[in-house]
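In the two complexes below, chain A is the common chain; its partner is chain B in one and chain C in the other.
Moving on to the complex of A and B:
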């Protein structure tokens, strides 16, 4: 079954003046069709204003489509009676960790969701233990969240979602405010949740390097999905991505530039390790294998 | 001689159980016209440091000099310092408040006592410098795109005609083109106007590309203050501090491990391209 099925989705933001007259209507989503398989890891790219965050908010019923349907595990987000089940099955993590943490102690924060479900206290404890374990934050369970780094806070926010035992986690630019190690830790955590727990991941990001790890990349523009494929397929289309205000990972860009200079490198190289594998024989097999520095 | 800190220490909530040291014994001198990248893990003290530089917070110990004068000395005009040392906070677009873009940018100079005409002249110039087109001048700052808002907010600080511009992660949350456009306009301000830039960033690639000096904070201490290439050569140490080197640095290290002696100081895509082609062409001739 599909985790997410969005078909012919339209969404508009309406701006009104003081007298409640409509001033401006902007279409954020225009006939968006996008489905996500259970257990997959999908990255969504797109420039600011392309509709990514609007789409994310439709996935657990924070916003409802104006036209079209959004189904989460087959449940329609417009059905009031399904809303609780949808929110349990599809959790969200946002950009700013400070806006998502509410308690004074890490474990209390993670327990907030399960407590709201009205679970028994031993079940709550078990879920909190498991969730903290899965994001690698067990050692911090009695700490105050404001003593944590940005990346650690973000992992606590993820644990809060994990404690709800979701089938799917939607992350809207979870690393935008983090330092390099915080970014690495959050990405590692999300990949593990996908691989080990089989949780479906929808990851929205502006960092092209992070999209390399996805099974599939969807590029949005003007409220629609305009590109859809594996990272290798998508990042082979360097010029098209630039036109959409996006870029490619630095390894891909360098390979692309070197190809233009006639070096026999394939399109769609994604990481520095891959590029290194291609470059070493090219650079070594030529004559002495060293310039003036050798 | 522009901005100088001597033995700067800042302790939050000193004397209480919550006492925490944000900056500890930091000394440096930022020369006029330089482009400094400020990096460090979250909580390393970056934000605390930049707020000292235009006198928003007082050091617990130590002194800050702007053009040779102690900014916390008796009678020092902090108000005019804040016009000369402009600070753009994180997510500055949340500070937009006027009904249209131009009025918002005019607010600073008017507040400093500039006439209506003078304020408008400065605002128009600042908006042009950051690449905001004239059609947007009369639009509400709330209905333009994220990247445009960010630029309007930066123009708001530029209209004060600062000599030093400090920006706290000005590209966070922007798409790649928006990021490049903001950084290019900052770079232009630096090159064409000679404005001293202090750029706080979590992107090693960005500071490698633009900064001529890097300041690295780790757990409230100043660990490095040197050319980016020199700093990035300590990438193992940077990783221990929660940072990293630009990706190209790792490629260079990988090639050298294979015995291909590329210049180990390359850190941008352009430099890597030139260096790889140089080696390939050189060995061709051999």
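Moving on to the complex of A and C:
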């Protein structure tokens, strides 16, 4: 069974004026088909308004598709009776860390989900311990969230989801409001959860550097999935991405430009290290051959 | 200036009082406040004084923190003392022009002052030794019976704790908006009361908009984490009475009875 299976999904936002007349209807999702395997790490890219956040909210029944179906582990998000089970198995982390922390103490916030599930106190304590350990925030357990940095708050929010023992975590631009070091911490945490715990990750972002770590990238544009493949495949298509007003990771872009200038570099270089691996031998060859450009 | 506001006035030390169940402290404080109004004998006040200062010692909160709370009632204190002193009829002690001070007036004023001060001290002990969260929890649990009368106790407690969480965030935001507007020439400092109040309008509008946006975000985040009201919800740390709570209840009740019976004494 697939973790997520969205088929022929349509979603529209209706804007009404004061008299409840329809002013504007905008289609956020148009016939979207997308499925995600269990245990995979999928990155969804797209510029603002491409429908990626809307898609995220469909994944745990916060919003319901106008047409089509969204199945989470085979459960239909439209079934009221399975809504809690869906939200339990598919947790969600949002963009603004401040607006998703409910309690005044870190451990109480992490406990919020398990408390809603009606678990026994000792089981809740165990899960809070575990979850904080997994995101590396155990030392901050008794602190007030207001004392934490953005990255730390976001890891607390992740712990809050982890404590519900989900099969899948959907992260909706979790790093958009963070500084570079906070961003790194969050990404590392998410990757570890995927590798060690086998939790399926759906990461929505517009930082290309973050997408490099995914097993699979889905590019969304105008409410549809327009590109789908491994990071290497996707980032080899630099010109296509540019047309969708998306950039590529810095290393990929540099390699692409160098290739255009005639250097024999392969497409789809993702990181600086990789680029160096190809560039250093080239420079050495040049050095011994011509001697002029070394 | 806005950052100076502290919410709740919890004083984080470890003391037997801090460890009591919030319900015990709520009930104890209520009984203590009641007891102050039950007696009008000197003995009563003496007992109340001894009780109060023992509890203060037990709480390990420095005395000057307690006194801080008194600042807020100085005006009220001065007013009630002078009314009682000057307006109580009785045996005249001395006269200053048209003002006369009586023995009875002096006594009532003194007792009134003591009562007020003890009221404030007594309730600050509770807020100083109980985190706002524990307090909300305690209120939710002890007012739980009101659910039967259709009072949404859980929802109110949840709102209180969310409000506590968001006060510092909104304060920070107000500060930010204020600075942004000052940078563009807004003036919050000068002018009379009306002008100042008017200057607040462009501050409040963006603040409200952002508060609503946060509320929407937060409610979504709560739903995403399976929140579905108080039904079927458990607690990580459910309130449980311990041995100390039973002892505290016994002490407070004995104190209360003693205070009530002081009225039978001649003085």
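We take it that the second predicted complex is superposed on the first by the 287 of 294 C-alpha atoms of A that agree within 3 Å, B and C clash if a C-alpha of one lies under 4 Å from a C-alpha of the other, contacts with A are read in each partner's own complex, and residues count from 1 in each chain.
We take it that contacts are C-beta pairs under 8 Å (C-beta built on N, C-alpha and C of every residue); 3 or more make two chains touch, one makes a residue touch a chain.
The structure displayed is predicted, hence computed values, not measured ones.
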First (chain B), second (chain C), both or neither touched by A:251: first
Which of chain B and chain C A:103 touches, first, second, both or neither: second
Which superposed partner A:261 touches (first chain B, second chain C, both, neither): first
Touched partner set for A:91, first chain B, second chain C, both or neither: second
Which of chain B and chain C A:125 touches, first, second, both or neither: second
Broader residue contact with chain A after superposition on the shared chain, chain B or chain C: B
Residues on chain A lying within both footprints (that of chain B and that of chain C): none
Parts of chain A lying in touch with chain B, wherever the complex brings them together: 15, 24, 46-49, 95, 149-151, 173, 176-183, 206, 208-209, 242, 245-247, 249-251, 253-254, 257-258, 261, 263, 272-273, 275-276, 279-280, 282-284, 286-294
Partner chain C, residues of chain A touching it in the complex: 57, 60, 62, 84, 87-88, 91-92, 94, 96, 98-105, 107-108, 111-121, 124-125, 128, 145-146, 157, 160-161, 164
Of all residues in chain C, those that touch chain A in their complex: 131-133, 161-162, 164-165, 168-169, 214, 217-218, 220-228, 232-238
Touching residues (chain side chain B, partner chain A) in the complex: 40-43, 143, 145-147, 169, 172-179, 202, 204-205, 239, 242-244, 246-248, 250-251, 254-255, 258-263, 269, 272-273, 276-280, 282-284, 286
